[in-house]
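Same chain, two partners: chain A is paired with chain B first, then with chain C.
For the complex of A and B:
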């Protein structure tokens, strides 16, 4: 390695050597891309300089200055221990109580959550009593805020898994209005299921509900979730509600479906957070996706730019999503710790997030 | 992933006051700075100190807020959360449900 080179990463996690000038150019390009796509401000010179310093740090890991620590919110619950590699899980079978307490007492978790093995709202319905029983049991032992977590996952409402027509199939047959109609009906069913599952689990003592990957099935998924959150907030005024998104921009599978008079398709984090707050969320989980073919510097600068614009306007705390493939972190199952710690520090110190 | 984030930027949950700050963000929509200031004031500490394991270990034991090690006799679970309710001036759902189960 030459004296003017630095070890850094690509968006797929591969280690590469780059000069400081190359890293600086990628930071500026990544930030400019976010500014262009989102219609937001690019990072200023001070932010670019701070980000350059973080990426070019010669140490293997980095961290925030003392006093700048933030609380962490988790997704996937105990499945990070017990799940298969589809959930990036370790495949270690254990009880959900043990997994929760290990996160609290061994891993420094500030919050945690209970999860069904399918991690989706719909399949929880038939086993809700079991989930309530487990929630009651774990709440007796745990101290940190303990949520129930699940994905809205509106895809499960479409054929062949659900009762409604699949918009992707219908659109291929040029049945556009029918596709939109089926998406709207699915969104209504999703909102009803959210209300049912979330109010039941709150009755069992849950601190609240974590909605993970909102909008993964497109704009109707996001609208269904926002409407479900609204119902939950009305039924449980004191529930802790985290609305985490699936992507930096809501996909317009429907195209014109609205929430609160606002077309949801194409909204970016600084716009999404306002709808989440309106629905009744306490915390918004901003997401920015990683491009595998770009450098970590490019991805991180782009993600920080989007999230900084979000934290600047959000009326509720923002906990940025920073798992594999989001928040500047490489799209790789065992994300390198040099990359994770750099992204974590940058989000806290430059994007000014309230949590991760 | 969890360990990397904790080492880089996490508060550390009940190792410090991370759970308390999270509760203020979630229950009152407080931004980070306000949540830390609120918790620090309730603990009679500086915001810098609420993320310090050496200070918070004794503070949590003294105030019976739940500690990270297996300490016989120290409250955990509902008992610790009832003390957290009083400290922070908030209601915690699981404590409410527990009280509702009691026969007066």
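For the complex of A and C:
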């Protein structure tokens, strides 16, 4: 390695050597891409300089100054241990109680959650009474706030997994109006199921609910979730509700469906957070996806630009999603620690997030 | 030579506005002005390319792209009699089998790519999502000379490599252009598994394929 080169990563996790000038160029390009797509401010010179320093740090891991730490919350429950590497897990089998206590007592988690192996709202319905029992049992042992977590995952309401026509299939046949209609019906079913599952589990002692990857099936998925959160907020005024998104832009599978009078397709984090707050969320989980073909510097600069614009306007705390393929971190099953620490430090110090 | 700048702009704008009635009106206007069927198709295609770009920049969404594609299809129906009468050809460039590989149900990126290829004049056989490996081989045996495989998970991208191996085993590898794409796929991975074309986006894929 030459003196002017630095070890860094590509978006797929591959280690590469880059010069400081190359890293700087990628930081500027990544930030400019976010600014262009989101209609937001690019990072200023001070932020670019700070980001360059973080990426170019010669140490393997980096961190924030003592006293500047932020809350560390987890999604996907015990599945980060019990899932295999196709599920962002480590393939270590253990019970849900053990996983919860391990996160609380060994891994520094400030919150944790119970999750079903399918980690989706719809499959929880038929097993809700068992989930309630487990929630109650674990709440008797755990100290940190303990939520229930699941993805809205509206794709499960479409054929072949659910009762509604699949928009992807319908649109291929140019049945666009029908596709939109089916998306709207699915969103209504999702909102009903969110209210059912979340109020039941809240009754069993959950401190709140974490909606993970909201909008993964597109804009109707996001609208269904926001409507479900609204119902949940009315039913459980004191519940702690975290709405985490699926990406920096809400995919327009419907294209014109609205929440609170606003078209949801194409909204970016600084716009998404306002709808989450309006629905009744306590915390917004900003997400920016990683491009495997770009460097970590490009991805991180892009992610920080989006999230900084979000934290600047959000009326509720922003806990940025940091993990495999999000937040500038490479899309690699075992997220490299050098990337995880650099991206986390940048999010805290430059994007000013409230939590990770 | 007649200047069709105004009509070309109207065709382009109609496609970008993605409404079927607007597209057919622009086509009729261009015909009245004296544009040939192939000139009209070229004008529409330029608009469709821009639709793809706007989609990738998050300015248009999937129903809008498909509405534009429906308008293109309607335009072709209008122009077909003239094309046949004039002897102008609308022969498809090539047959393409497209699919999201087995084990993977992510459909959208592949569908956009299929639509863009169709609008670029390819005969697209879109097999949908979770497509068995053998289906790709069977379609190539039936005459597809392009094979496009999408994978959106690190656990399914290896199926692209498997299909390439199966094409080799069947003696078909030299008869087909293999295209790969999807979020975890990179140019380096495409090179590693021996694919011919890597597309970072639908429009990039179409641009690369058109140049072959």
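We adopt the following convention: the second predicted complex is superposed on the first by the 356 of 356 C-alpha atoms of A that agree within 3 Å, B and C clash if a C-alpha of one lies under 4 Å from a C-alpha of the other, contacts with A are read in each partner's own complex, and residues count from 1 in each chain.
The rule we apply is simple: a residue touches a chain if its C-beta (ideal position, glycine included) is under 8 Å from a C-beta of that chain, and two chains touch if they have at least 3 such contacts.
Bear in mind the structure is a predicted one, so any value in this text is a computation, not a measurement.
Q: Touching A:264, do we find chain B (first), chain C (second), both, or neither?
A: Neither partner.
Q: Would you sort A:172 into first (chain B), second (chain C), both or neither based on which partner it touches?
A: second
Q: Using the superposition described at the top, determine whether chain B or chain C touches more residues of chain A.
A: If we count touched residues of chain A for both partners, the winner is B.
Q: Examine A:14 and indicate which partner it touches, taking first as chain B and second as chain C; both and neither are also allowed.
A: Touch status of A:14: second partner only.
Q: A:255 contacts which: chain B (first), chain C (second), both, neither?
A: A:255 sits against chain C, while chain B stays out of touch.
Q: Looking at chain A, which of its residues have contacts with both chain B and chain C?
A: No residue sits in both footprints.
Q: Inside the complex, what are the residues of chain A that reach chain C?
A: 10-12, 14, 36-37, 85-86, 155, 168-169, 171-172, 174, 176, 179-180, 218-219, 249, 251-256, 265-266, 289, 292-293, 325, 331-333
Q: Please give the residue numbers of chain C that touch chain A in the complex, ascending.
A: Within the complex, chain C contacts chain A at residues 57-64, 66-67, 69-70, 73, 105, 107-108, 111, 114, 126, 128-129, 153-155, 183-189, 200.
Q: Would you pull the chain A residues touching chain B in the complex into a rising list?
A: Residue positions touching the partner: 61-64, 66-74, 80, 88, 103-105, 107-111, 136, 139-146, 202-208, 238-242, 282-283, 315-317, 322-324, 335, 337, 340-341, 344-345, 347-348, 353-356.
Q: Okay, in this complex, where on chain B does chain A touch?
A: Touch list, chain B to chain A: 1-16, 18-19, 21-23, 25-27, 29-32, 35, 47-48, 51-52, 65-66, 68-69, 76-78, 80-81, 84, 91-94, 97-98.
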